[in-house]
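To keep things simple, chains are lettered A, B, C, D and E as they appear, and every chain counts its residues starting from 1.
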Amino acid sequence: MSGNGVDTTEDLILSVNNIEVIYNHVILVLRGVSLEVPKGKIVAILGANGAGKTTTLKAISNLLKAERGEVTKGTIEFEGTRVDTMSANQLVERGCIQVMEGRHCFEHLSVEENLQTGAFTRRDGRAAIAQDLEMVYDYFPRLRERKSSLAGYISGGEQQMTAIGRALMSRPKMILLDEPSMGLAPQLVEEIFEIVTKLNKQENVSFLLAEQNTNMALKYADYGYVLESGRVVLDGEAKALRNNEDIKEFYLGIAGGDKRSFKDTKHYKRRKRWLA
Amino acid sequence: MNVAAKDIAKGQNILEIDGISLSFGGVKAIRDVSFDVKKGEIRAIIGPNGAGKTSMLNVINGFYHPQEGTINYKGAKRHDMRPYVAATQGIARTFQNVALFAGMSTLDNIMSGRMLKMKVSLPWHFIRFGPAEREELEHRERVEHIIDFLEIQAIRRTPVGRLPYGLQKRVELGRALAMEPELLLLDEPMAGMNLEEKEDMSRYILDVNDQFGTTIALIEHDMGVVMDLSDRVLVLDYGEKIADGTPDEIKNNQNVIDAYLGVAH
Amino acid sequence: MSDTTLKSDGGSSMSQTQRNWLITVLILAAAVAGSFVAGSDSLLYKVFVGPFVEMYEVPDLFVQVLWEGLVAGTLYALVALGFVLIFKASGVFNFAQGIMVVFGGLSLVGFYAAGVPAFLSLALSVAMMYGLAWTVERVVLRPLVNQDPLILFMATIGLTYFLIGFGEFIFGGEPKTMITQEIGLPSGSYDFDWFGGFVSFQKLDIAAAVIAAIMVGCLAVFFNKTRIGRALRAVADDHQAALSVGITLRQIWVIVWFAAGIVALTTGIMWGARSDVSFALQVIALKALPVIILGGLTSIPGAIVGGLIIGVAEKTAEFYWGPLVGGSIESWIPYFIALGFLWFRPQGLFGEKIIDRI
Amino acid sequence: MFYREAGQFKTNYRTDQAVFPIFQDKIGVLVILAFLFLVVPFWFNDFWLNSIMIPTLIFSLAAIGLNLLLGYAGQISLGTGGFMGVGAYSCYKLTTIFPDINILVHILLSGFFAAIVGILFGIPSLRIKGFYLAIATLASQFFLEWSFGRIGWLYNYNPSGAIEVSTKRMFGIAITGPHATSLTRYLIVLSIVVVLTWVASNLVRGRIGRAWMAVRDMDIAAELIGIRLLQAKLTAFAISSYFAGVAGALMVFMWLGAAEVESFDINHSFLILFMVVIGGTGSLIGSFMGAAFIWVLPIFLRAAPRVLGVDISAATVEHFNFMIVGGLIIFFLIVEPNGIARLWQIGKEKLRRWPFPY
Amino acid sequence: PVQAEDSIFVPMLTYRTGPFAGSGTPIMDGMHDYFTMLNERDGGIGGVMLEIEECETAYNAQKGVECYESVKDRDPVVINPYSTGITLQLIPKAPVDEIPILSMGYGLSATAVGESFPWTFNAPSTYWSQMSGIIRYIEAQGDGIAGQKIGFIYLDVGYGREPIPLLDELASEMGFEVVKIPVGVKDMQNQSSHWLQVRRERPDWMIMWGWGAMNPTAIKEAAKINYPMDHFIGVWWSGGNVDVTPAGEGAVGYLSANFHGTGTDFPAIQDIITHVVEAGKSLADPDTVGDNFYNRGVANAVATAEAIRTAQQVTGVSVVTGVEMREGLENLNITAERLTEIGLEGFMNPMQITCEDHAGAHPIYIQQWDGENWNRVSDWIEPMSDRVRPMLEAAAEAYLADKPEWQTQTCN
């Protein structure tokens, strides 16, 4: 993993070494994924549907067991200690939390209660928690309006905000964000990324995000990995990736310097596959 | 259907929504919204989160019953009804939080879209030989066309619960298409897709619209997609209609920029 | 289904529910009128008028029936409470609650029979319930996290089988007498000469009601006012998401199963004191099922209110209407009562809303 | 190596939709059928036929019935025992009312009565879901149990309250009653079960099955694509009860020879539920595997000490039996919550990939 | 278990588990211990060892049938099903498999008619005879029975319902009134509403046909409503020691029917204690030896053993199997002398079974609980055979009506 721009002397908050993941004893999904997140950086994982982004994040946060998946090879280290045998709860206590893809709000709890559960592992008193609650409401004013509604009834985007807000409530050192922009209005997408940068800059929170909105992701991230069929096929500084011709073509939709229109895309077009 | 035919058809309204209001307890999800959808067009609905877009689709296909207002569908005033009636009238739908039948294979999911078109009665299904099998094969063939069309041959037999999100969205579209709807409602069909996949999806939507003449109402947050695909755009905010017009008009509407698009666009 | 979650305001015409009510009332009125016309020997009269006349004419029995209903209701409520606790906190429908009741009762009697002093036996039984909770979490729940509720339900039936075999192996299958006096429960009764007859309140039953009230109070506070309480409800909604925000499922499960174990032990003592402690007692779990669906699977007050409603309704029905059809309708009447309520509120009286949203 | 689908190309959709698209599977089924029809009759003694094969087949049929409802249509029912009872009692009535009609006709007809009752008690499923529905189905279970005991007409006012099977002949061969050899009864049961299984597999592969599964997986979406929930749920209840009813009739007429109310009690419902879940919900083969496992395991366990020459008392064996069965149920759920059928499938998948691990 | 070519195989269908274990366990213990005692003390019967083997049914009919199937190929000498439900299922099988069934004091009353049921025996008495005896007892007390109100509380299964036809018939003939109160299996331990009905109806006498956990609960509830215990009579299955002890003082005065003695004051029981219990070969809690239900088991074993002996004598075969055993049962005659001989003087009334009468119209007596022991409070009461027999015959006829191929026999 060296020689590609990451300063190896830098402190790593997270390092994933060559992990393999199998679902249901038979479905091999990750075939040796390695990646690193330096402290205080934002790292993005890109990749097509089914490439294994979600699986990677769940492997890190130890949520795979709940889906009958398991890490069969490789190691995962968070702040230098191995965490692959820990429970999800211990990891959260250590400061690493995941925002799950597809919202996963607690339907029968109100929005506010949802946010409060995010502070489950915190021990720093009600006042601090209340303060953070205000912070979340300031980030997402829409949530304040709906704070007493059951999370099951609010709109998709509102649920997404709740899920993100809930993670913020745990005051983590590192957040694993799985498709944070999904279903959010454009304005909000930008706000989310602003929040990410703000936390990153002001509170030194590190981020690992799986994101389909490549444009945004590469704009805000420091470093990026491209995943395909359970393998890392390309990685590099975000800037470098943005200028990579293939990325431009297939992830950013910029052909010859101009943005393509969706109307003009042709069927049966050539697809880039690094692992042909 | 060729382009000229499409233009002619556009004259008629397939759906007219007039003065719809919908509330849940104290929450007013939709406030007095009126708009129409013309036959053969692609109609986008956009708006900030919680604006009432999904609720609007729910009203159209009978899942929510508005407290006020009228709906005219294909020229007739529609009354409150159970959602399956909407399906029989040719309205199909995909969902924001994928609502596939997770335990069934892709093939079965799409086949289930043909449910309304299958007529052979129960007793024949006991023995399967004869009419039941014939009908099954007939519809299977159509479904295979859709599978080819959406390029999901490889996952035909996979239970959809195991598919990655993007593919699930595609299967869902397939299921809706299998219903051969006149009006297709798409709720964020491209959420969670990367550009390449969005391009594919756009292609499918355009092709459906083009080849089958299906009218489409779609909700989407990717402005690129909305502006490129749609013929007209309806903008909701806090349950109210704040703008309605062609993509170009919308792009430059100050209200819309303030409430939804933000500065960048 | 959508019309229950919707239509909360507006709508000029009568709602479905109102219409249902009106029809019900009209039919009843017609039946009562009909019975007077048909005379006091007619079946109509026996069903719609006779019992009420009797309630009025023999009030002491009526009061006694109500009291017995309330007592039975309290005891059902205790069993129901065990179900609700675990369901509310983990989404697991714990079928083993019935056998846990037996197990609690048996271990208390068993320790005592082995020569341990009564209160020490009680303490040991509590410890035993903790051990059970810990083991269940370790062996059954932990490997089954995030599984379908049906699977977890089945696992608890497996647990029931195991505990039946284990319990009979250790304690033997024959019934035992509960050590009522030794652990300080009152016996005897307060008898009153009322309404020209007598009404008798067993002291034991009164004690049961008091203990139940205290337990419910504590649990309600625990669930609604504490951090853990909120976390419990989160777990019931979505195991995976709960894990993802760092909720310690393991600790929580031990806590609720232990709480349910204490409730079971209490129930075992109370029921055991009424008849005896035997494995036949586990069928009272079945008696608690209509209670929880009536009250709502997730509601602690629901368990109590449901218990009382079912208890009173069941005893009254059996006493006044049972003989008309040959008796023993207690076995199914509670379910039909519960079904009646569910028809109006599919999530039970106090249950959490069924969220139908797409 | 041998188990591959490679090279087996389907040239039309018809073959692709066959029950067993893989050639080796087809052979496998033929071998099993040949074994059941040709080998078992010659090799198995009375005990095997009477206590293992016949009950397993009958329970498989009931399990298929429940599986259609639970595994395919997603409606939990704890009333299977009651529906089996309806089948048994209506078959009994049919034989006494029309003694000259062939008993097999009665058995197949009796399922219709169960179906009607199933529809009646399935109505609550329109509004009630999940565990609420499960408990509501207990209403049918207990009400039916009560009726079987209370309505004298059902058992021809027999003072013992039981129904008994008389000897009926077909082509001069006794097929029911004590004179019917176990072999005859086995072959009849086997034939009926095979035919009905074939019917079930036809159903679940076609439109009806898809409608059920759609309702199971997400009823709102199902309704939005044009499935009538009412119709789909009630057909599921009807057909499921039909299977249960026929199984109940077979149980009495082809296996036990007599039955009383207790033969159809709640434990019976649970037994069938176990078979379905352990075998695998949503899998017909699973129903057979589950039935075999749940029924045969205790028999083996009970026989084991004698065979092994260990001297422990029957009661202790029974205790261990409970513990082992309970433990194994939990174990299986942990190893594979989707049942033995899924284990089987994974095994096959591994075989297909063999010699590679994945 | 002893495995020998030349032993007599005596399977026992037991229930030491499940909801009825409380009643079942002591019975099984008594039966098991008496057989074991014969083996230990006498080396079996007629020089042939008994091979005793238990099969646990948990009172479940299907398990019972399975037990039956698992033993039937091993030449069992007789089957004691110990559950009416199981008995009903075995009755049709018995003639085909040629294995006699002895349902001692339970089962289907009609099987007393030997002509119709050659293979089934229910001595010493049917439920109907027993009920008639209880009615006679009531009649003999102070106020007679005419005009009295009798409450009948019963377990709502086949067993509990069985005496109802006779009760109804006697009621109209003798001019008393019957109030029936069924108790569902699930409500065995939840009888408050049932006893409130008793309070409403104020019956002069209560008769109970209960089993398992129903019994102690009923006695407790009766005490709770201050029902006079000496007017409360249980069937002989409702008279176990475990049934009365939970109610403590409240149970004093409770009555129950019986047909054999209680306590350990019999030489044979003493032999059991020395040869079996103290030798550690018994499963029983030593305190329960001599309890009512324990002795019930002994009585059952005595009948079985004597029938085996008779079979050996009548047929001359020493290793008897079912076919011989049937002969033995039909010729069984346990006289008072014989009872003395086997160390059970006065333990029970002499018992005779004939070809016509497979139950024998044997008398019963009533016993009363004094808080410690059961005491006899009546003489032997003869049942109303004249009433019962025609009913039995009618029932037998009804049973056979739709069974054209039933095996019957003619007696001379």
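Everything that follows uses one rule, which is that a residue touches a chain if its C-beta (ideal position, glycine included) is under 8 Å from a C-beta of that chain, and two chains touch if they have at least 3 such contacts.
None of the values given here were measured: they were computed from a predicted structure.
Engineer: So which chain is the furthest away from subunit A, centre to centre on CA atoms?
Structural biologist: Ranked by distance of C-alpha centres from subunit A, the top chain is E.
Engineer: Does B-C or C-E have the larger number of C-beta pairs in contact?
Structural biologist: C-E
Engineer: Between subunit A and subunit D, tell me the centre distance in angstrom, where each centre is the average of that chain's C-alpha atoms.
Structural biologist: That gives a centre separation of 47 Å.
Engineer: Roughly how many whole angstrom separate the Cα centroids of subunit D and subunit E?
Structural biologist: Distance between chain centres: 37 Å.
Engineer: Which integer distance in Å separates the CA centroid of subunit A from that of subunit C?
Structural biologist: From the centre of subunit A to the centre of subunit C is 45 Å.
Engineer: Averaged over CA atoms, how far is the centre of subunit A from the centre of subunit B? Could you give it in whole Å?
Structural biologist: 29
Engineer: Which subunit D residues reach two or more other chains?
Structural biologist: Those would be 142, 146, 149, 220-221, 224, 315, 318-319, 322.
Engineer: Mark out which residues of subunit E touch at least two other chains, giving numbers and ranges.
Structural biologist: Answer for subunit E, listing residues that touch two or more other chains: 16-17, 156, 184-186.
Engineer: By the touch rule stated above, which residues of subunit A touch at least two different other chains?
Structural biologist: 27, 153
Engineer: Counting only chain pairs that touch, give me the topology of the graph as line, ring, star, complete or other.
Structural biologist: other
Engineer: For this entry, which pairs of chains touch?
Structural biologist: A-B, A-C, A-D, B-C, B-D, C-D, C-E, D-E
Engineer: Which stretch or stretches of subunit A touch subunit D in the complex?
Structural biologist: The touching residues are 22, 24-28.
Engineer: Given the complex with subunit C, which residues does subunit E contribute to the contact?
Structural biologist: 16-22, 25-26, 156, 180-190, 192-194, 196-197, 199-200, 212-213, 216-217, 220, 224-225, 242, 245-246
Engineer: Write out the stretch or stretches of subunit C touching subunit A in their complex.
Structural biologist: The touching residues are 145-146, 227, 230-231, 233-234, 236-250, 298, 352-353, 355, 357.
Engineer: Residues of subunit C touching subunit B in their complex?
Structural biologist: That would be residues 2-3, 5-11, 358 of subunit C.
Engineer: Taking the touch rule as given, give the residues of subunit B at its contact with subunit C in the complex, in rising order.
Structural biologist: Touch residues, subunit B against subunit C: 23-25, 54, 58, 63-65, 67-68, 83, 95-97, 99.
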